[in-house]
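Each of the next two complexes has subunit A plus one more chain, namely subunit B in the first and subunit C in the second.
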Partner chain A sequence: MITFALTKALPGDPVYTLVGERSSPEIIEKVRKEIGADKGTVRQYIGYVSLLIKGDMGRSYYTNRKVFDDIKSKFPNTLALAAGAMAIAVPSGILLGLLSALKKGGISDRVISTVSILFLSVPVFWSGLMIMLFFSLRLKILPPSGTGGLQYMLLPSLTLALPAFATIARVTRVSVLDVVTMPFIRTARAKGIKESSINALHIMKNALIPVVTVIGLDFGSYLNGAVLTETIFGWDGVGRFTMEGIVKRDYPVIMGCIIVGTMLFVMINLLVDVIYHYVDPRVRIHGAKR
Partner chain B sequence: MQNIFSKICKRILSVFCLLCLFLYFPACSSRNRTDGFIHYRLNYNPTTLDPALIVDVTGGVISAKLFNGLVRLDESLNVIPDLAEKWKISDEGTAYIFFLRHGARFANEREVTAYDVKYSFERILDPHGKSPNSWVLDKILGAKEYMSGKASDVEGIEVKDRYTIKIRLANAFSPFLNLLTMTAAYIVPEEEVKKWGADFATHPVGSGPFTLRKWEHNNQLVLERNEGYFNSRARIGGIIYRVIPEDLTAVTEFELGNLDVIAIPAYEYARYRRSPKWRDLISSVKGLNTYYLGFNCSRPPFNNINLRKAVSYSIDRRKILETFYEGRGRLSEGPVPDLLRKWNLCATGDYDPARARKVVEREGALNRVVDFYITPDQEMVDIAEIIQSFLKKAGLDVRIKQFEWSAYKAAINRGDADLFWISWWADYPDPENFLFPLFHSANHGASGNRARYTNKEVDRLIEAGQGSISPSEGNRYYGIAENIIAEESPWVFFWHKTDFTLRQPYVKNYRIYPIYSMDKGLEVSL
Partner chain C sequence: MVPSGRISACILLCITILSVISPALTRYSPDAIDLDSLRLPPSLQHPLGTDNKGRDILTRVMYGGRISIAVSVVAALLSMGIGLFVGLMSGYIGGKVDTIFMALVDLILAFPSLLLAIGVSVLFPPGIYTVMIALSSVGWASFARLMRGQVLSLKESPFVEAAKAVGCGDLRIVLVHLLPQCIPLALVMTGMKLGGYILTESALSFLGLGAQPPTATWGSMISSNRAYINSAPWMVLSPGVMIALTALCFNLLGDDLRDKFDIGNNRDVK
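Entry: the complex of A and B
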């Protein structure tokens, strides 16, 4: 209901885009009737909800295609991009975050921290273009745009991965620094456990909790589409689709994308909670194993 | 520990490099090209390819390759035969008899007949249909009755025989043949429209020189040469339109050879113009368009003609055109583009800031705040700031308000703005297209007259021009009307933009056209 109200509160009228630059009041009225915009907001809402209950998200005002079908066809692309970004960002972010924490104050720490801040501060539209110019125009090794196989996916994934890498590396660093001062690490060392085992089993496992949260949040937001990255690299994903819907006031598209996006976000959060169960014994329900 | 991590980092880097190398060959050898096909860029995915529904240029550009009308435009903007072999005009310009060529076939191999023309035209006017383009054909006798549901068919459309159709108009309308060159007047096969229903928009079937082979939404459209085309076949095997929203990405694709022709983005114009490698490969065409600063003439302060003229005197348009716009257009003195004007237009006064200031003071508008509505488009923002600084010197305080495109259009259609920046592009090459929608008082708001300009004499002259039988008679009326409009300044007339494209050296016989429907893709070769 909030989404519907917000969508309707947006200034602008899709009818003017639908009818083109030259149209009579009769045509405008006809088109308005056609898309149901002549009805009151409450009636439109009831109509939309009843459609939704039947599993129908309606059709785009412009393309007349089913919104659900469009989202379904674009979602795999968005998922691939998000997964690609995470595949780059998660291992590199965790490893370099850990390295940064273990070498606190050293050159590696300073370099990694500076690079992380740089990647966080640089806007995606700039880093994306630079990545494209370097790999496509200069080195000529990857295509600059298009939707398709791995070679098309690599550059947008890398672009998306930069800020995600920076966040993960920084959170890992802070988290590890927090964990290394814990008494159980001292105890582990006192027991004579090998340093590499302490790092891998004791420190990392405990430091992962906030990192998993960050990964979940980033992944969830990427699944809702990365508008700028998808636009720069001509990637046919949900983000571009949503943005075009917003720009053209294509209400069924906006509603459909937000509903699906919200559901995905909730599901990712649920998944993160499930992962907590394995990573952090404290969140397990007492007696669950009985 | 450090060693382990540097090893891991090195390994990640080498995996990435290996991946790049692995992808190098498929990426570079294929380079996204299909042999014999020309590769163009689209800024965005066309919303529909159903001629009845198309309102955007992108849809119009593609549908021109897939469909035919009864007539079309040649390179000199003359109306020439297309599906109609010839035609006869009678009854003082109110009756048109079209004789269709024999043997023209749709892509489903059925012959195009006069019945298809009747079906296609009535489909546009159908009261239960969705077409927003009924204005293109509503001059036909009985169209209004049909559109309101009072008649079962359009009285003025009469099939004489399989290859002859007579169209009678309610009144003489001189631009009628020009209107028939538009997308909405393309001929479609009834059986395909019925078969696909709403999905005809994505499965268009026409009689044009190309057919749609594949449409990957938001990625690419592939058109293939129609081997059974009734006229001379295209020289290329097909056209691939790649959807690339970002200008710099398109430039990169072009420089890599993945696109054959691109429209030159404004910020790249100077670079290509200077480049010895590219400058000879630039094509240009004088566009049939007018860029203008519109006033809201229906309310203070710009219902005052003197104040409108003062704004006009206060802006150095020539300087803006030559510096900021890098000479990518011709200065405009009135709404009708120079290419369509066959009469003299009295100059209404050049840049004169002192005079502008005096008028503003005399009219009691000094330091008056006026709202200037624009969209966030960077070029528009820059121009608005330039205009703001000129008007400040004239004593007007311009408050720039940015709106996203849909909200902007709704606001200027409602008449919320004092000033707005917009352009008008020809649908068909007739002065009427720049006068009736934009200045007739029946068209306030969304119909085109966003300046809400009202002058009964101008209305009468435009209507007289529309009803003229000969072009010279029509031009006489239009000429007087345009002179009155230029004198009353409902707009500050800025420029007629020239379009520039860049092509690869191997692209031959490439031409750029002033109207999207003119390019059938027949001449260009690789």
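Entry: the complex of A and C
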């Protein structure tokens, strides 16, 4: 409902953009009827919702293709990008976060902390351009833009991964530092368990719980970043689709993308909650008590 | 430890001062087109080079800084104001008001923030006020939540009870007793969030939803010059460095503030 109100209030008449400013009134009227803009706002809204319930998001004003089909066909590309970014960010973030927590105050800790706060401060659209400049325009080892296989995917994934890596590393560090002070770690040490297995079993298992949440919540920022990154790298995904919709005032497209993005975000959060129950028995007990 | 917070505060002060007094420092106009000096690499006349229309990049970066920083700061303060208001209302009155406000907060936090900001900013004609509105309409929610927690815990404290016993009205309790207790926390949180505001502001102007050409902002300088990234990388380099530097300083400052005031360590609701 909110997205509908938002897009309805957009300035600029799509009909004019569609047929051009100079077309005759008759043509404008015809097109207006075609896309249903001649009906009142309320009726448009009711029509839209009843379509939406049926899983239909209407058609793009420009291509006249079904928005839902377009999103469906572009979605795997965005997902691939997000997966690629996670594949880079999650292991490296956890590993380096752990490293910097275990050697707290050391050189590696300082370097990792500095680098991660740096990555959090660099805007993705700029780091994307710099990565593109360096790897594909100067070194010429990877293609600068386009959609396709792994060689096309690597740079945008890397761009998306930078802030995600930073967040994960920071959270892992704080979380490990938190767990290390717990009594059961001292107990484990007192029992003479090897340091390496304390790290792997006791610390990591407990420290990873907040990290799981952050990885899930970060999905929202993947969606944010996808709009920018896909635009820069010419990646044919939902993010670029959204951007094109905004530029052309193509309401069904903007609405569809925002709705799908938000639904996805909410679903991921739900999924994280479910995973939580499996990872952390304490949550389960609390839930049962209620 | 290195006092990174203080150093970043100094750098931020320098950036702000340089931006504010920029007309006195440069002999170029930020928007004047000079067709004799298109895309010049950095030199003595143009320390950061010139752009596609022959405009001095250093000048534009300084003028752009004015807009980018001003917009972010105003938006952050605006969010703080709305957040304070909603948080105080919600925490103090409780009941239905609380339920409705918090549902709204949850709703806003459920949206991916940049998508929502884009959604809001396409409502209005693009410009700096639009960006301010977009940023604050997304940003107030987290302030409201924190303030509500603060008010909830303050509400039970003896001094509020004493005020009530002396016969203070609700309005007086909220304005005179609760508000001053919330403002320091709100200001600290503003400092923590400003880095994010700078980044989102530049993202919106990168997408062409912010101040319109020829006005320079850091984000729009990057987007309008990115076509020349291979032949003239300096045009994209310096605004990006400025965004990153400013955001970095705000983030470091924010970290420092958080450590000092111990925010976000779940002392929300007791």
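Please note the rule applied: the second predicted complex is superposed on the first by the 275 of 290 C-alpha atoms of A that agree within 3 Å, B and C clash if a C-alpha of one lies under 4 Å from a C-alpha of the other, contacts with A are read in each partner's own complex, and residues count from 1 in each chain.
To be clear about the criterion, a residue touches a chain if its C-beta (ideal position, glycine included) is under 8 Å from a C-beta of that chain, and two chains touch if they have at least 3 such contacts.
These figures come from a predicted structure and were not determined experimentally.
Superposition note: with subunit A as the common reference, subunit B and subunit C are in steric clash. By the document's definition of touching, of the two partners only subunit B reaches A:Leu142; subunit C does not. Which of subunit B and subunit C touches more residues of subunit A is settled by the count: it is B.
Contacts of A:Trp126 after superposition on the shared chain: subunit C is touched, whereas subunit B is not. By the touch criterion stated above, A:Ile209 is placed in contact with neither subunit B nor subunit C.
By the touch criterion stated above, A:Thr262 is placed in contact with subunit C alone, subunit B being left untouched.
When the two structures are aligned on the shared chain, A:Asp70 is found in touch with subunit B, with no touch to subunit C. Of the two partner chains placed around the shared chain by superposition, neither subunit B nor subunit C is touched by A:Val115.
Look at A:Leu217: by the touch rule set out above, it reaches neither subunit B nor subunit C. Legend: residue contacts after superposition of the two complexes on their common chain; A:Val227 is shown touching subunit C, with no touch to subunit B. On subunit A, the surface touched by subunit B in one complex and the surface touched by subunit C in the other have residues 10-11, 129, 132-133, 137, 231-232, 247 in common.
Residues 2-3, 6-7, 9-11, 117-118, 120-126, 129-130, 132-133, 137, 220-221, 223-224, 227-228, 231-232, 242-243, 246-247, 254, 258, 261-262, 265-266, 269 of subunit A are the ones that touch subunit C when the two sit in their complex. Those residues of subunit A lying in contact with subunit B across their complex are 10-14, 16-28, 30-31, 34, 59, 62-65, 70, 73-74, 91-92, 95-96, 98-99, 102-103, 108, 129, 132-133, 135-137, 139-151, 154, 195-196, 199, 231-234, 236, 240-241, 244, 247-249.
Taken together, the subunit B residues at the contact with subunit A in this complex read 1-2, 4-5, 8-9, 12, 19-21, 23-24, 26-28, 31-32, 44-45, 47-48, 55-56, 130, 132-135, 147, 198-199, 201-202, 216-220, 242-246, 248-249, 252-253, 255-256, 258, 403-411, 413, 424, 427, 437, 443, 446-448. Remark: subunit C residues 107, 110-115, 118-120, 122-125, 195, 199, 202-203, 206-209, 219, 222-223, 226, 229-230, 233, 236-237, 239-240, 243-245, 247-248, 250-252, 255 touch subunit A in the complex.
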